[in-house]
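Chains here go by letter, A, B, C, D, E and F, matching the order in which they are written, and residues are numbered from 1 within each.
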């Protein structure tokens, strides 16, 4: 069950209107690694956690926080749209700066949401639940989460470069900090899981006899050039304790596949090639 | 530039037809973490890498390998569909096993592809490039890659449980092994990057003064209950060397947001509420 | 800012496992009119409301409740998947009931989420933010909300028919009730808005001179047959107070459109047709 | 069966070229509430209506009309693109007004459609059938239709504000009028249905004993603050005749959910948390 | 402007209920090459045709016919769903044939549309306008149309194999015939266009000096093995009159790409690799 | 199995930065007819070909080449983004040319990919596997391929018009040439298939008695006006050797459809209309 408090977690007040930046800022609301993604990813992970209450609680703490981030950034978008020059065609015809704003803003901000945030990314593509993962395996999911917070913080840093507005930068500073925390916490949880499960290869529950172990530590050189042979991933100890191997000229073990001719009832091309 | 060899990287021969499993196996072709995803994710990362040739080569080696995995699994799907009872309605009406197969298979295998693999997941949803990421930041992207291989190996392990077919299990054994290697290599690369860049919080290039550091190490208890306070993420050293803090009753710093009334030209609701 | 309490709003305990119904139940989590849709629709409406705090608070009350409904139904799905026979191939080959379950369940429940709910509809299609609307115009949005709760309650009623499980039916009873309340409240809000704004045609702010009033009350008979002429929409008073008119043989006012030939620089077909 | 007449229902002649407005106008062709949506929504509702010929005929009249609106607006888009400066790079480099047009237009109008309309919204996202609904329940669907025409008319009004072109405004005047009619007709039909079915809560066919009636009229205060308690939805008679109730501090009836540990065959995290 | 007549173009009466086939039949309503696709593809082509009225009229004739095909097949789907055993759980538990039907049908037919057709394909994925094309170039578009009718007729033939129902087969016979006509007509139009435009390479308007003619007739052997060298596409006259050439070992002309290091303001990985 | 060589197939060096053109160029990477589409379409066709090795090899040659085209164009996009003025807000505020660039570029190039190509079209919509087809029927698929290369070459020609950059034009010249070859080769293959299969109506395997031959050669005049009667498709020999017929006033053969009332258990509208 969820409850809402009216206060924003952090302030969201731009110095001035900026409809083009409002479009760009949508990326961290409804983009692949925006706040809708992390909120929904964590909540579904929490809902689906079986046992392991300590991890579940951490996940629910964070997912719930991210819902508040959607709210905070949506508020910022609405304020960046205050005063958007959408009905000043006469001015726009003469003033190319206004023309560029009208061409450069997200049309949905004018036509669909009436100067409000939309559940879309910076290109205007609606958010899709296809972005998120909740697998039931915490080690795998901690890696998904660490990735999400890394990509998210990277995008916040880039947005920081895209604006001069002090008020916007303040909110982005807060988001940079929260993404730092979240990277830290998922790394800590991941490390604990790897220790408790006694392994780093997810899932740790696969019996050795299921795996074709001859192929578990070989780097195949499928892209010409030997640059990759110089890395820590080609020789020496792998993170799971085995030895890396490097294979310069990979060969195929599967032979050339030849499929049976299609049966007549699928109306594919009959055998023509003799 | 790419070249194709006719040999499969590993054999892909099921013992017998199994159209329902063919549907399930589609997950690792065209699902969120299927081979199309890892192939395209790595190739776009490689194409976009600026400098850092060693990493680029590793990424291209692996992306190119994954293209071959699409081929291998697609071949398996085609063979699992050999002999699908799609035109045996009369039998199906009497034999519920055949009826269950016809209801349980992916209709596209019968109607659209003519007993071939489709670029779709196990529910029949087409693959979307919205699944992948190539950010230009290698640390962030190594985490994306480690996640993809962890989720992918987990799905292969689950598919291994879903079949008794020795031929299918053989191919899945190979895939388990390759996913082990790929988790290993991305972890090794990640560790090297963290060392060279001198930090674990991506991106490492954000100046301290951009970040609201007071908020960078606090766990906020947004989900009631104190279970999460017991974790390594609530007290002690964070992976970035700072101290974790735990805040049991989070407060808002942003005040209650009140948006300006909408201007008349957006035809939203005028102020009615006094 | 949001907070989470561990209690579910209502209990979610099925009597027994039912993986096929778990698939069907996904419709009201991640379908077009599932709980993700109403939660996100209301929250974005709330975030974007400008002034009109009374309406905003109602919207936020309800959006926040719906987040809890996602949790409640996700819990039910997880429990319906307890004991899913996903690794009992040998039994399935002999027992067509098990075969039908394995063919009839959502493969993502086995392969992707590990017996947990997914953010998808009953066909396995991921939820899309393209389903929702937050226009900034409360009259329009109350109609969207009334529709969503009407479609939602209809789907719950149909799901009630699809199961015999007493525990599932209990939870659906609660959802039927909440959808009744939400239909009631949006109707009450809508009526109040129509009165305060002094009109029923949204948006009420369009000046008469913008509208081609000759066409504002005519029913055009574009589908042969005069059945529609017998309705309350063809004669008598329209809800906005004007008189309905019926036009049996609609004519075109726009003439036959002839577009200019394409300029050479778009490489379309040159004029060939004389 | 459908027939086409060459005349447009209304004229669609802009005064002059305007590629940026052509992009914006796409919203009412291929957006969530554009003419493709209402056409397809009504046609599928009509196709699926079982009995109730009078309603079916009204629905088919309107769906068929909307097909003609797609045509009319598509014609307008094509004419707004006449003379788009897409091959005037040299000018654009010097003239920022032309630069803003080239950056602000939908690239598909230049590259994909060759100066024609596309089945997309104003952000260039293709129309999706996920936008529409045809439930078989006329009361629910009339509400969907009333919403669609309310959102649609709101968007037309906003587009009216975005242009100074007299020819475009003429066409929009006609669309405002038709959306007025369609709101009127769906309201009239809805009122008739509510009377005939003897109730306003859709679907009206749910027996009382299916519904947990204790929860059918309560407003839960899930968002702090008591603003919503002041509304017509918190006290007094609800539209269905029962009494509204307000609950200031909602409690959970469902207890804290604890899911069973995952069975080994899904390779989720084993119980680690003691 | 469009008009609707109540008669179906052809009868659509199955002998008996078949919910699983109803799901499969959705492919030719809302699939990639279903009737929604051809209807919308042709209508947008027609709306956008500039000049060339003879072709435009043919395109509009056909697009309008296809709208009627959606109606006809939707009617068939609704009738195949009459009597679907969706509320017979008790029977289903005992009777695996009923169980297989309930697991094998499209859940949307039960929950969303109430025994009506949906705008979806056979896997339940909503139709997307991303399937269609209207480029403004008639030669290119005739090829799109010829393809659509070829894929469509192939799918109809496959569906014909999937049913024993005489009534369904009758309707499919009609569709096979119409797809024959449409293949014929688009081929005839294509041939005429190739003659009138004096070339077969679309678009025919590209000046020779724009094209790197050395590369216009070479088959590169990028997939090992020389099987493709035996074809009509490797030697002899190409359809455009030039000579085909075969290159057994393709080389790269572009050198190894090395991108500049990323500028600091994108926070990508700095140069690490020396 | 695939292998990668570092050389690009052709050079990809623009004369100068052009972020707006970089956005437009994305169309031929991740658009409906971009290189991802042709690569994946051909590869899946190749993987699924049953027998007919000569065709399979041709298809694999071409699909593998197209992967290299993705790489080549992605490289061009990265270079067009070198020096994008994304952190020059102060300049942009004063200089409308810079403002237009920032509003006109794809925000993902700045925020998501860090100056690299994305798997998206020119509007920023991610590539979807819903664009491609691999049917198992070579005649149908050759038509899909011929269409793809025709649309693709048309788009390249239009992009050629959109830039003055000599380096970009060079690469486009190469692509024009390859698309010429691919149109040629698919036409040659198609012609051979039509000859070998002894027919032009795909699939050629449908027995005459399945088809309602009375309807196989009639052009129905569903769009008023007789322009289409003047074409080669209305009279004379059809490509399949039969005679075309023209029907000026099409009639319906299917009668008016009346669906049975909905059963109570779907909670649709009961019969109200008497």
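Keep in mind that, in the parts below, a contact is a pair of C-beta atoms (placed from the backbone, for glycine too) under 8 Å apart; a residue touches a chain by one contact, two chains touch by 3 or more.
Remember, it's a predicted structure, so these values are computed and weren't measured experimentally.
Repeating the A-F interface with over half of its contact pairs identical by residue number, the matching pair from D-F, B-F or D-E is D-F. Simply put, subunit C must spin 180° to overlay its Cα atoms on subunit D, rounded in steps of 5.
Taking each chain's centre as the average of its CA atoms, subunit A and subunit B sit 10 Å apart. Averaging Cα coordinates per chain places subunit B and subunit C 28 Å apart.
In this assembly, the C-alpha centroid of subunit C lies 32 Å from the C-alpha centroid of subunit F.
In subunit D, the residues touching two or more other chains are 1-9, 32, 48, 50, 53-55, 60-61, 63-65, 68, 75, 78, 86-87, 96, 99-100, 103-104, 110, 112, 114-115, 120, 123-126, 128, 130, 133, 135-137, 139, 154, 157-158, 161, 203, 205-206, 222-223, 225, 250, 252, 259-260, 262, 265-268. Taken pairwise by the contact criterion, the protein chains are fully connected, each one touching every other. By the touch criterion given at the top, residues 154, 157-158, 161, 265-267 of subunit C touch subunit F in their complex. Taken together, the subunit D residues at the contact with subunit E in this complex read 1-5, 7-9, 30, 36, 40, 43-44, 47-48, 50, 60-61, 63-65, 67-68, 70-71, 74-75, 78, 112-120, 126-130, 132-137.
Those residues of subunit B lying in contact with subunit C across their complex are 20, 23-24, 27, 31-32, 96-97, 99-101, 103-105, 121-125, 154-155, 158-159, 161-164, 222-225, 250, 252, 258-262, 264, 266-273. Chain contact summary for the complex, subunit E toward subunit C: residues 1-6, 48-55, 86-87, 89-90, 93, 96, 99-100, 102-104, 106-108, 110-112, 114, 120, 123-126, 135-139, 193, 196-197, 203, 205-206. Subunit F contributes residues 5-12, 32-33, 46, 53-58, 60-65, 68, 71-72, 75, 78-79, 82-83, 86-87, 110, 114-115, 125, 128, 130-131, 133, 135, 137, 139-140, 143-144, 146-147, 150-151, 153-154, 157, 160, 169-170, 172-174, 176-178, 180-181, 183-189, 191-192, 200-203, 205-206, 210-223, 225-228, 230-233, 238-240, 242, 244, 250-257, 259-260, 262-263, 265-268 to its touches with subunit E in the complex.
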